[in-house]
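Below are structures written as structure tokens.
Paired with chain B in one complex and with chain C in the other, chain A is shared by the two complexes that follow.
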Partner chain A sequence: MRSRRRTQRVGGRLPLVLVLPALLGLAFLLIPLIGLLAEAPWSTLPSRLFSADVGQALRLSVVCASVATVLCLLLGIPLAWLLARAELPGRAVIRALVTVPLVLPPVVGGVALLLVLGRRGLVGERLDLWFGFSLPFTTAGVIVAEAFVAMPFLVISVEGALRAADPRYEEAAATLGAGRWLTFRRVTLPSIAPGVVAGAVLCWARALGEFGATITFAGNLPGRTTTMPLAVYLALETDPDVAVVLSIVLLLVSVVVLASLRERWISGLR
Partner chain B sequence: MTLYAELRVARAAFSLDLALSVKPGEVVALLGPNGAGKTTALRALAGLLPIDDGRIRLGDDTWDEPPRVFRPADRRPIGVVFQDYLLFNHLTAIENVAFGLRARGVDKHIARADALRWLETVGLADHARSRPRALSGGQAQRVALVRALATHPEVLLLDEPLAALDASTTLHVRAELGQHLNRYEGRTLLVTHDPLDAMVLADRLIIVEHGKVVQEGTPTEIARRPRTDYVAQLVGLNLYRGSASGTTVTLPGGGLVTIANPTSGGVHIAFSPSAISLYAERPTGSPRNTWPVEVAGIEQHAHTVRVRLTPTADSAAPPNLLADVTTAAVADLHLLPARHLWATLKATEIQTYPT
Partner chain C sequence: MIRRTLAAALILVTGLALSACGDDSSAAPSSGALNGQVNVFAAASLTGTFTQLGKDFEAAHPGVKVVFNFAGSSALAQQINQGAPADVFASAAPKNMDQVTDKGTPTTFVRNKLEIAVPKGNPAGITGLTDFTVEDRKIALCAEQVPCGAAAKKVFEAAKLTPRPDSLEQDVKAALTKVSLGEVDAALVYRTDVLAAKDKVDGIAFPEADQAVNDYPIATLTKAPNPAGAKAFVDFVLSAQGTKVLTEAGFAAP
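The block that comes next holds the complex of A and B.
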């Protein structure tokens, strides 16, 4: 009786024309993930997981994504502060430009980086000339490519948190004799910590999954620039089972990231 | 060193133009309705808002004098208690109090020891490790007060310090705040819309309306001679200081007032002029306070008439009693100066505050 009434109520409220595509959409999103798990070579999974190649790619991925995240934090928090608090001319334009890497095809980002930081690039030429230092096709290049693509996630999240924070706490700190830098460190930063954490996790997850910009700018050199997504792509041609194992690892990481953020990341992005 | 300020701030919605001075040890209240510009004045003094014209000086030290001098908040020797306190939620009570000292470069351990002593003065040493969210409204207010006082500011600015409290705690916290302000040797400026806060806490009132000073003086002066209807309405309050014993309060200037709830020691008693009823003959009912009085003055206000009364020869009436009556009552009672009347006041109409 109760279940019938419930069905009636749902049927009455939601038109079939919406429910069907909704279920289809859900299936479309979930079935590939289920397929991935179903196809996994579970019996040989542990041995493949701890093989040298996988371990190397995973270690490289985690190190590069983490360093890229630190880089994004160091540059992104001040940038978010500037966008949220400073009275800049053309701030709306700057904010729009900051979000460009968010919608830009990563490959295009990689090409752009190559043009600027490549050995013959605007900046890259000088780096090579003065310091004998070249970024493309190095691990440092992977980090640069990942940071380029992932930083907007951090900036947007932190800027949202800064806008939501009550600036009167900063005024209270000023009346207690705190200068701007001390106020930022002791009052502003702690109050936006949840936004910073959410932004950093999103940034890290995006960096970890980076493919397009990385392969364009840093190439595919095992042990130096072959991160997990590149390894998946590579393995698909030689040993599909390894590709599945690597994919499951990345899926697991994504799920953990999502669970750790829960609904927070949504409020951070708002 | 006197704090001296001429504040002129122009905004689209209103303009502020007022002068004020506060001597060491003095408590001056800026009293006025919401939107009168009181908080703007306080923000200007705090250095959170540059003035457009005028000057702010402490002795010979200029804080703000457009267009050349502006010293920001963090370089003025001030303490501010904000309306909703703005305690830092990620810091404990003791870290909040130590914040100003740490900002001045005081060693961490010394700052914490000092902060603990300040918390002791307001009876909150046990709450030193509490986060602001875990404190009651009255406790948070006290932490905010000692946080502002911990740096030994020359000027203490209080923005509606009692407005965020519920009515039952206000009484107690107001009395306690009064004691702390008495002990504080610097200059205090209190911004409030509550005449009772102003009259109980301040030595001098500056009444602001539409960004301008409408009257200035001691609480008693202003209550006796309000210059405008607005001020009369605002400070139309019979306020006395006396000593209580049981339900009887003895006033130093003569006069005995019966209150509803027994208490003892020094008290403020306050009641509205409309709580006084006037009769031509001795009334037969039994209000606890029935006094023979003489009419000393009559002032017409918008809808009421304010009558100033003095006690007759052997009356126990409080001095300088104010009563509000309707225009019709003026005729009924043949209200004329020097006329003898009976005044009554119900004990339940009287608010009592410990001093």
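The block that comes next holds the complex of A and C.
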């Protein structure tokens, strides 16, 4: 069926028409990162890095991104399963809607969240009325904003893994008398674990870098809602050196995340 | 053969595109009539008035297009110093004007002061600055980097109060939006912002506001892509017609 011929190595040099734009593209992506490293105030870097503000923003970022990822796992895996396995009418439309936050400008996401979950929002008004609880300007608000933006990464990744998984194992489990829930837990979930891990890592990285939805929905207060990207943005206006330091920390985290995403995990993303 | 031609064409196109990027003087300075585009970087609190002034200016000078970049003054100063192609900078405070290095002589064109903005009808019953110190109240202030935040700091110092904000917004319009959406009980914004949003917010004046009156300076920039247009726009803002638009919006003449 899929007996594709192995790509033959055509002799001779690489076509210039491809190599040149490829090199340009590579330079375009790398030069800003190199510039960031070149501009870094290396001599004062350690003292700035361990200043209270940076530590606070970093801690808040890590905590919020992690909680948001857990939230995405709890809601995203079932959603991915529904999209991959259930007979849903209009599944293509639902899948398209699920991925909207992926392409939506995050600020728009923040505005939407504010209009729905804000104190005067459709749902937020009830929360405030019944529980005296409102999300904007709280750390919980940051988590909600990050989860909103990051969840599609997890759903797509897990759904891809589910589609790639061999359904015969699930069928075998079913013929042996396992219910759907048991099958899901004992057969499906272990078989898609690499996809789940890849999705969770991507989701976490996206949540860590979230800016637009966070500043719009959760505002900006050091220690409560000022995550690293917000701190970078505000620091740029007063102390660009601090902004560079903060950016390097985020860059480092991103590189570590990508390096940890080994080939076999990414393969689940197809 | 075809491949080689294609490659050559691609190199040519790339080269052209790159050289076009480098040579970005779309609005060539002209000696006589005004033309091209005037890029005006203006403080967020000038959004309404300057949009109006831009339209009036375009009507008075056909062929000229005014393009605005409204944001917090500190962000704008930063952008200009990083080489953003600005012709005119109008800041909400002298401090942010000072941060810009390559500029003509700044002129103060208006003054503005702070007022408490509350959602229409004042549902939380805010009465004055002391409400800003209550933990239970939802409060938005401007971040200290932007002029409205610096002014707020001065006001609270004068009143000997320590505010307990829930958010430090990156410009005054962001703070105002949080009020008009009802997400906060009160915010400190400019008097002019309260007037501009009077359908959705109510204003409460307070005596300490006089301790922090903001002077708004405007200046042309020495690296302006369109110096003639820049000068004409500044002159227009300072003219009787410009002053009228600004004072009607609640700004005080300097």
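Note that in this section the second predicted complex is superposed on the first by the 247 of 270 C-alpha atoms of A that agree within 3 Å, B and C clash if a C-alpha of one lies under 4 Å from a C-alpha of the other, contacts with A are read in each partner's own complex, and residues count from 1 in each chain.
The rule we apply is simple: contacts are C-beta pairs under 8 Å (C-beta built on N, C-alpha and C of every residue); 3 or more make two chains touch, one makes a residue touch a chain.
Every value quoted in this text rests on a predicted model; they were computed, and no experiment measured them.
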**Message:** Contact-wise, after the overlay, does A:L33 reach chain B, chain C, both or neither (first, second, both, neither)?
**Reply:** neither
**Asked** Does the superposition put A:L49 against chain B (first), chain C (second), both, or neither?
**Response** neither
**Per-residue touch tally on chain A - higher for chain B or for chain C** = C
**Request:** Quick one: classify A:L16 as touching chain B (first), chain C (second), both or neither.
**Result:** second
**Message:** A:E237 in the overlay: touching chain B, chain C, both, or neither? Say first, second, both or neither.
**Reply:** second
**Asked** First (chain B), second (chain C), both or neither: which does A:A172 touch?
**Response** first
**Message:** One more residue to check, A:A164. First (chain B), second (chain C), both or neither?
**Reply:** neither
**Request:** Sort out for me which residues of chain A touch chain B in the complex.
**Result:** 166, 168-169, 171-179, 182-183, 186-187, 190-191, 193
**Request:** Enumerate the contact residues on chain A facing chain C in the complex.
**Result:** 15-17, 20-21, 24, 114-115, 118-120, 134, 136-137, 215, 218-222, 224-225, 233-234, 236-238, 240
**Request:** Report the residues of chain C in contact with chain A in the complex, numbered from low to high.
**Result:** 3, 6-7, 10-11, 14, 72, 74-75, 77-78, 138, 140, 143, 145-146, 165-170, 178, 181-184
**Complete:** The chain B residues in contact with chain A across the complex are 46-48, 72-76, 78-80, 82, 86, 88-90, 99-100, 103-104, 147-148, 151, 157
